[in-house]
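Presented below are the structures under discussion, each in the form of C-alpha cells.
Consider the two complexes below, in which chain A is the common component and chain B and chain C are the respective partners.
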Partner chain A sequence: MICFASFPATSDASGSYGTTRHHPDVEDDVRMDLDEDDFEEGVQRLTVPGESITSSHAFMRGHGTYVDDEEVIASVAGTVERVNKLITVRAVRSRYNPEVGDLVVGRITEVQPRRWKVDANSRQDAVLMLSSVNLPGGVQRRKLESDELQMRTFFEEGDLLVAEVQAFFADGAMSLHTRSLRYGKLRNGQLVTVPPILIRRLKSHFVSLPCGVDLILGLNGYIWVSKHVKQSDQEGEEGFDAEAVYSNKNDEIDDATRAAIARVSNIIKVLASHFVPLTDAVLLEAYEWAVDQENSVKDLLADETGENLVASIGLGIRP
Partner chain B sequence: MAAVLLSKSERAYIQSSLKATPPLRADGRGLLDFRTVLLETGVAPLANGSARLNIGKMAREGGGGTEIVAAAKLEVEDVESGDGVDGGRVACSVTCSPAAYPHLSSNALDELQHDLSVILQQTIGHPSLHPRNLTIIPRKKSWLLNLDAVVLADAGNVVDALFMAARAALWDAKVPRTRAVQYRAPEALKSAKNDVPGAMDVDEGTSGFDTRDMARTAADFELPDYWDEGETLDGREKWPVCVTLNLLTPRHFLDATPAEEASVPQRLHLMFSFVPSAPPTLQAMRLLGPEELDLKDLKESIAFGEQYAKELFTALETKLREEDNRRNIKARDRFALMR
Partner chain C sequence: MSSRIEILNDGGFRSDGRKQYELRDITIDLSQQGTADGSAMITHGLTQVLVTVFGPREAKMRSQTLHDRAVLNVEMSVAPFSTGDRRKRSRADRRILELSAMIASTFEPVVQTTLYPRSQIDIYIHVIQQDGSLLPACINATTLALITAGVPLHDFVCAVTGGVHSTSPLLDLTTLEENDVPHMTVAVMPRTRKVTLVTMETRLHVERFRELFELACEAGQTIHKEMKAAVKERTVALVGAIDAGSKPGVVDERDRDVFMGESI
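Our next item is the complex of A and B:
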C-alpha cells in the first residue's frame, strides 16, 4: 500500500541535452534559420531563456525579453509573438494573464466592504463587486444596505465560483462579474488545477461529458469537475432561484458519478503532466479510452498508463 | 496543519465520498493507500547523512508533492566548558520554506516551524533512542548531532514525510572515526622533579609545554584518514516512523492531501519504533483537532496505527538498504576507476 521509488535520474538525461528535441509539428519551423523577416503569421518559434531572438535595431522588446549587446533575448521559455515591431515571448508556465470576457473559476479569499477578493491564479487577487453579482429577489434589483451587511450569505471565504472577467482596474487587477444564470457558486464536485496555458479558448467552457460529469474549464487553469446538472434545473423555475444559487449544500451524488468525477480528474492531471492542451474533444476521447481499458481510477496516475493514454489520443511530445 | 481554504460544499463532498461504500478519494486511492514516495539518500555532500523525500509527485511534472530535505550534521562539543553533555546530544530543527506556504504570514510560518521542530525534537531526541556512539572522549568531548529538515513544498501529510526523511537521514549518518590523543610526560623529567625537593631551581614548572601535571587520560582526539566516512550511528534501526491517521469517525485514512486534511475533524500522529527481536514501542503520539476521542477508540486507532506503521517501516527499510547498496556500488566503481 505504500511504495517507494527513486527520484528520476538526472545523469542519464544529460546525454540527450546535447540535442534539442521538438514537437514534430514544429520541427521544420525550428530548423529554419530566423531572419528579421521570418516572423510570419502561423509560424511558432520556441525559445529557451537566454536565447537570442533578433536584432534590437529592427525590433522593440516586449514582455518576456530583454536587450543585451544589441540583441533581443528571451528571458523565459515560450513562444515568440510579434505585433508589428514589438517582439514578445509568451511563457509556457506563468500565472494567468486575464483578458476581458474570459471565463474563470476563482476562490474567495477575503470579504471587504462592498466587494470580495477572489484568488483566480493571476498575479493579483481579482475583485468581485457586490454590484456585479445577482442578488436574490430579482435580477434588476438595486443593492441595499442590508445586502452589504449580509455579504457572507452570498459568498464567504473559501467558496468557489465561476465568473467572467468584466474589466481591469488601473493597477491591472481584474474585476469579475457573475451576472448570468450560468455563473455563481460551485457545488457537487471537486477542483483540479492545471497550468493556465493548457486551457484553449473554446466556443463554450461548460463541457458536459456523457458520463454524467460537467466540466467548467476556467481559462485561469482551475477546472471544476462536478455532477451533471440539467440545464432547466440549473436555471431554476422562475429564471433565478437565490436559494439554489447561493446554497452550500451538495445534491445527492451516487457512487458511479463520484467514480466518474474522480476518473475525469485523474485524466486531466495526467494530460496536464504530459502538457497536452485540454479541449472537450480530447477529454472525451481520453475518457472513452480510460473506460475501455477497465483500469481502476487510481491506476490512471501510474506513469505507464499515463503514457498509453496520451499515446492513444495521438498527442503529446514523443520522446 | 496550515489552513487551506476550502468551501463548505467541497468539504461536504470530500467527507461524503470518504463515508460512501466503497469509499472513494479525490484521486481514486483507497483509504490506506499512500501516494508514491520518492526517496534518495546522500544528497548533501557536506552533511554526515542526508535524504530527500517527496510524496505524491506526478511523473514528468516539474513540481508537486510534499518535498522534504533532511540532513544530519555532527559537531564537536566540549563537555568541560558546559556546552555539551557527556554522551552527546541530539538537536532537531525544522524550517518551512515560505514558498511551501505562500498564504501564511511570517509569524504563522514561524509558529508552524516551531510546532514541527518540537514534535521532531521530542520524539527523535528522546533518551530511549539516544545513540551510544556520540562520545569522543568520555567527560571531555562529545558529538552534537544536528538534524535539520527543510519543508520545500507541502502537498499534505507533512509529519509522516518529515519522520521518513529524518529516519533516512539518520540511517545514512556516519560518525567519523576518532582516535584519542594523550600527552605522556617523559619518565626522566618525572623522576627529576620527585628527586630532591627544592634542590635545584629549574624553571620547568613555568613552561607552557610542560604537561607533567596533567592527568594521564586522553586530552584531545584526531581523525584518522580512512577510506570510508565512519561508522553508522548506533541503534539506527530504532529511529521511529510516523503514521498519521486522519479520523473521520467511524473511518480513518492515511496520507491525506491538503484538501482532505482540511475536511477531517481530527488527526492522530503515531510514532512507532521497531527494534528487531522486541515488540514495537509507541514513541510519541499527538492528537490534533477540535473534537474528542474516546479512550476505546484511541486504543483501536493505536492498534491500527501500529499495523500501518509496520508496513511503512518495512517498505522504508527495504528502500534504505537499496539506497545503501546503490551508493556503495557507485563508490566502489569510482574507487576502481581511480586506481
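Our next item is the complex of A and C:
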C-alpha cells in the first residue's frame, strides 16, 4: 500500500545502497531466533538497534543489548559476539570504552584541587590525581603541600600526556596514572585522532618506525607521532629527570624528521578515513609506498592518492 | 480553506504526481563528517537535513549535568537558502527552539541515557533544504546519526507526516500541501510499534484522526526498512574493512625491522 515515489533523483548517492531492491512486501524481515549452533565459528552476525537477537532464557545480555519481553535485543549497530552464554553487540564505531590497564593519550582540560581533568575521547573526562604522577626529586615520594600549589608546573591546560587507566570511579569516569618512566608529558611531535576501534590491543603501544619516528598508539584513538628518542636518553641518568619529563620545550628537530613526522601523520589520517585498522606493519608498508611515490607530504591527503595508497596495501572499504 | 492549487486531482494524483499513500524518494548518506562521532544526511524528496552527533562526552556546562543519566542537547540551524523566500533565522527563533525541544523529547525515552551518567550528547541539526515534512526528516536523520555514533538506542525512530484532504488521507506532505490541509506528524518505534511523538499544528477532524494515525504508523514501518537497509550497508562496509585489516597474513610478516618498544 505504501511505497516510494522515485522523484526526484537529485543525488547520485542514491545508487550507493540497496542495489537489489524488492517490493516492500517481499522484503519482510526474516526474524531469526538463535540456537546454539547459529554462532558458528567465523560467521559474523551483524545487527541494528531494535533487532531481536535471541531469547533471554538461554542467554545473558551484555553490552550493546537490552532485555524486553524475554528477548535479548540489540541497542547498537555492529557485530554480535558471544562468550559462552553472554551475548554482546560491539558497535562498529563509538567513543572509547576504557578498561583498566589500557594505554591512553590525553589532553589536560582543567586543573582542579589535587587532580587534573584529562580529555581522553571517552564519555567523560578522565581524572589524573596528583598522587598518581611521578613527582620531581625521586620516583617514589609522598606528595607535599608545595606540590599541590605548583601543579601547573607539571601539567597545564592543553598539555598532552600518555598515561595508563588505573581504576574507575563509581560513575564510570576513569582514573589515570603516569607512574612509569614511559608515561608523562608529550613533546616533539603531533597528535592524530582516529576512531578508537581501529587501534587494537598490541603487545606494546610504543612503536618505533625505522624512519626516525616514534608512535604512541593510545587505545582511545589518539595517536602521538613524534621524533625518535633514544631509549637511554628517555630514562635519564638517575632514572628520573623532572626537568626533562615536565619540560615544555621541544628538542631541535631537523627538516627530514619533520617531513617524516608529517608523512606518517598524513598516512594515519588517510588509513583512518578508509577504516583500516592500524598496525605497525601496515603503517610501514604505507610509508614505503608513500616514499616511493616521491610526492610531497601534503599530496598524500588528496582523495586520489589516498585511494591509491589504500589499494596498494589491499585494504579498506570495498565498494 | 479554499486554495488555488488542486491537492488531489480527479485521477487521484497529487500536485507532484504522487498517489495518496506514496512517499517521496528517500536517500540516506551515512558518510563521516569531520570530527563528529556520528552523522547522517537524509533527503525526503526536496527536504534535506544533515545531522551530526557528538558524544557522549563531558558536559560543557557542569550545572546542567545529571548524576544518573546523560543530557540530550539538540541544536538546530536552518540555512537561509533552504526555503523559497530567503531569510535568516536566528538560533533563538521560537519556531526553531520549539522544533529542537520536540526532537529532544522524542529521543529522551529512546536513547539509553542511563548508561552515560554526567555526560552530554550533542545533536546538531542543519536544515539544508525544506519542502514540507521537516520535523520527520530531522527525526529520521537524528536516529541515523545516533546509530552511526554508536549511541545505544532502544529502537529506530521513524517519523512521517500525514494530512487529510476532504476525506482522503495523504502521506509525506510537501510545503504546498502542508499549507493547505490539516496535518500531523507521527514518530514510531517500529519493533514495539510504540509512538514517541504525535504533534499537530492544525485542527483535524476527530473522526479522521484514527485512520490517519494508523496509516502514519504503517508508513513508519516502511521508512524503517529503508533506514535499516542503509545502516546495514554501512555496517557491512566498515566491518569488512576492519576484518580485512586485522586478518593475519594479509600484510605478511616481511623483514620486520619495525621493533616494538619493549624488545629493545
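Keep in mind that, in the parts below, the second predicted complex is superposed on the first by the 254 of 319 C-alpha atoms of A that agree within 3 Å, B and C clash if a C-alpha of one lies under 4 Å from a C-alpha of the other, contacts with A are read in each partner's own complex, and residues count from 1 in each chain.
Quick note on the criterion: a contact is a pair of C-beta atoms (placed from the backbone, for glycine too) under 8 Å apart; a residue touches a chain by one contact, two chains touch by 3 or more.
Since we're looking at a predicted model, the values are computed, not measured.
Undergrad: Who touches more of chain A, chain B or chain C?
TA: C
Undergrad: Per the contact definition in the header, classify A:306: touching chain B only (first), chain C only (second), both, or neither.
TA: Once the two structures are laid over each other on A, A:306 reaches chain B alone.
Undergrad: Once the structures are superposed on A, label A:56 by its partner contacts, choosing first (chain B), second (chain C), both or neither.
TA: neither
Undergrad: Scan A:258 for contacts with chain B and chain C and give back first, second, both or neither.
TA: Touch status of A:258: first partner only.
Undergrad: Touch test for A:77: chain B only (first), chain C only (second), both, or neither?
TA: Touch status of A:77: second partner only.
Undergrad: Applying the touch criterion given at the start, work out whether A:249 contacts chain B, chain C, both or neither, answering first, second, both or neither.
TA: first
Undergrad: Can A:2 be said to touch chain B (first), chain C (second), both, or neither?
TA: After superposition on chain A, A:2 lies in contact with both partners, chain B and chain C.
Undergrad: By the touch definition at the top of the document, which applies to A:273: first (chain B), second (chain C), both, or neither?
TA: The answer is both, since A:273 touches chain B and chain C.
Undergrad: Figure out whether A:198 sits in contact with chain B (first) or chain C (second), or with both, or with neither.
TA: Second partner only.
Undergrad: Tell me the contact category for A:210 with respect to chain B and chain C: first, second, both or neither.
TA: Only chain C is touched by A:210; chain B is not.
Undergrad: Using the superposition on A, tell me which residues of chain A are in contact with chain B and, in the other complex, with chain C.
TA: Looking at chain A, the two contact sets intersect at 1-8, 109, 119, 273-274.
Undergrad: Inside the complex, what are the residues of chain B that reach chain A?
TA: 5-10, 12-14, 16-17, 20-22, 24-30, 32-34, 36-40, 52, 54, 58-61, 254, 259, 311-312, 315-316, 318-319
Undergrad: Residues of chain A touching chain C in their complex?
TA: Of all residues in chain A, those touching chain C are 1-11, 13-14, 16-18, 24, 27, 44, 46, 48-52, 64, 66, 68, 73, 75-79, 91-95, 109, 117, 119, 123-125, 171-173, 182, 193, 197-198, 200, 202-204, 206-210, 231, 273-277, 279-282, 284-285, 313-318.
Undergrad: Given the complex with chain B, which residues does chain A contribute to the contact?
TA: Listed in rising order, the residues are 1-8, 107-109, 119, 157-160, 185-191, 248-250, 253, 255, 258-259, 262-263, 265-266, 269, 272-274, 296-301, 303, 306.
Undergrad: Write out the stretch or stretches of chain C touching chain A in their complex.
TA: 16-18, 21-29, 32, 35, 37-38, 43, 45-46, 55-58, 67, 70, 112, 116-119, 147-156, 171, 189-192, 215, 218-219, 222, 225-226, 228-246, 250-251, 253-254, 256-264
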